[in-house]
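First chain A sits with chain B, and in the next complex the same chain sits with chain C.
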Partner chain A sequence: MSVTMTNRQVGDVTVIDAAGRITLGEGSSAFRDTIKDLVTKGDKKVLLNLSEVSYIDSSGIGELVSGFTTVSNAGGRLKLLGLTKRVQDLLQITKLYTVFEVFDDEAAGLASFS
Partner chain B sequence: MRELSVTAEWNSLEPATQFLRSAAVAAGLPEPLQNYVDLILEELFVNITRYAYPDGQAGKVDIQYSVPRPGLLEIEIADQGKYYNPLELESPNLDLALDDRPVGGLGIFLVKQYTESIDYRRDDGWNRVNFRVSAESLLSAT
Partner chain C sequence: MSASFEQEIQEYQLESTLDSVDLADQNALDLARKFGFGEDDQNSISMAVRECMVNAVAHGNKYNARKKVYLKLEAMPGTLAVTIGDEGDGFKDTDVPDPLAQENLLKQSGRGLLLMRAFMDECEHAARVPQGTLVRMVKRLGEV
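Then we have the complex of A and B:
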């Protein structure tokens, strides 16, 4: 299964619920396209929910970094929500865990934008 | 020793993954750790599909594994493409700011982190990457 991305608006924050696998090819391009669309629309507060992402590879990690910089360069913020142990491990081993703002709780993640 | 030979193309990743999942089960690796074997395979396999063979050439990838003892897997992934030693790649600078980090370059770094040992040799036209994965090496990296 590839990744599915579903957007929902909570106040002025766009929450992206991702599910599946963010890997080379379809998974990472779907993520990239979603981020580009949001930035084009002017959405600047993005909370990426990864709690249903079962698998991510180096390409997926690269896309997270790219998404972060795309949103940041547009004057916005991209934060992460609900990391599985696997994703958390990969972010820690690549020294990205402390770079991203990460939340276990959606309410806390949403509140952090205000 | 068990072997699988597949075509070096993206669609072959799934049967290759299933093959090494059966290897991980045979070695008795706990299920949460089996995903990391998937990851190692994928990172190496994707490099082969991208770089080993000229466009349009249907090269092959041979995968072998053995279980020297419970909890330990020895795996070889081999192709007949052009010389490519993934271990010669420069390690990514993980201390760079996010803005300065390249999108790629993490794959082989991750492979090195999750393997107990890994080596490369060029053997009569073959690129052969051999590595060992153990419950201990995976647990220490995760």
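Then we have the complex of A and C:
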């Protein structure tokens, strides 16, 4: 299974519900395309829900970083929601917990943009 | 392939495709389960094998259909060793920027070796004769 990305709007925040695997190939390109589309439309507040993402490899991590940079360069912010233990471990190992703002609770994540 | 009660060795010559990454992952996981590795260890082995295979297929062999990836799985009670070889140009540690350095944190790539080392108990690489890189990783039961 690759990744599915579903967008929903909560106020002025775009929440992306991702599910599946973000890995080299189809999974990482789907994520990249979703972020590019959002930035093109002018969406600058992005909360990426990874609670249903079972697996991310180093290519997927690279796409998260690229997405963060793309949104930041457009003047926006990309934050993460609902990390599984495996994804938390990856962010610890790669020190990316120092880069991303991470939330366990969607309401807190949404409120952080205001 | 050879098998006994105490040891099992599997060897493969694989195509330089992403399908080979899945195949290597699945075979390593099946062997890990058979030799009693728990879910956390299986996840670690899966991550390391996939990263190493992607390096071999994509960075080493550059998806070249004429180049093969060598995979050897060796299991014995308490230990799983994975050896993966490619036919690429090889690399040195000094060629790989430190992905944990502040200036590299936002780079898109370069974390594969870090993850392999983090998830396995041993991870060594060497030049392969006549060409390429050979990586050997070991996971032991009950170690981080």
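Methods note: the second predicted complex is superposed on the first by the 114 of 114 C-alpha atoms of A that agree within 3 Å, B and C clash if a C-alpha of one lies under 4 Å from a C-alpha of the other, contacts with A are read in each partner's own complex, and residues count from 1 in each chain.
Keep this in mind: a residue touches a chain if its C-beta (ideal position, glycine included) is under 8 Å from a C-beta of that chain, and two chains touch if they have at least 3 such contacts.
Computed from a predicted model, the values in this text were never measured in an experiment.
> For the three-chain model obtained by superposing on chain A, do chain B and chain C clash or fit?
They clash: once the shared chain is superposed, the two partners overlap in space.
> Who does A:57 touch here: chain B (first), chain C (second), both, or neither?
Both partners.
> Applying the document's definition of touch, where does A:10 land relative to chain B and chain C: first, second, both, or neither?
neither
> Touching A:19, do we find chain B (first), chain C (second), both, or neither?
Once the two structures are laid over each other on A, A:19 reaches no partner at all.
> Contacts for A:74 in the overlay, against chain B (first) and chain C (second): which applies, first, second, both or neither?
A:74 sits against neither chain B nor chain C.
> With both complexes superposed on chain A, which partner does A:95 reach: first (chain B), second (chain C), both or neither?
Touch status of A:95: both partners.
> Identify the overlap between the chain B-contacting and the chain C-contacting residues of chain A.
Touching chain B and chain C on chain A: residues 23-25, 57-59, 61-63, 65-66, 68-69, 86, 90, 93-96, 99.
> Report the residues of chain B in contact with chain A in the complex, numbered from low to high.
Touch list, chain B to chain A: 10, 32, 35, 38-39, 42-43, 46, 92, 94-95, 98-99, 101-107, 109-110, 113, 141-142.
> Spell out the residues on chain C that touch chain A in their complex, using ranges where they run on.
Going by the criterion above, the answer is residues 18, 21, 43, 47, 50-51, 54, 58, 99-100, 105-109, 111-112, 114-115, 118.
> Write out the stretch or stretches of chain A touching chain C in their complex.
It is residues 23-25, 57-59, 61-63, 65-66, 68-69, 86, 90, 93-96, 98-99 of chain A that touch chain C.
> Under the definition above, what is the set of chain A residues touching chain B in their complex?
Touch residues, chain A against chain B: 23-25, 55, 57-59, 61-63, 65-66, 68-69, 72-73, 85-86, 89-90, 93-96, 99.
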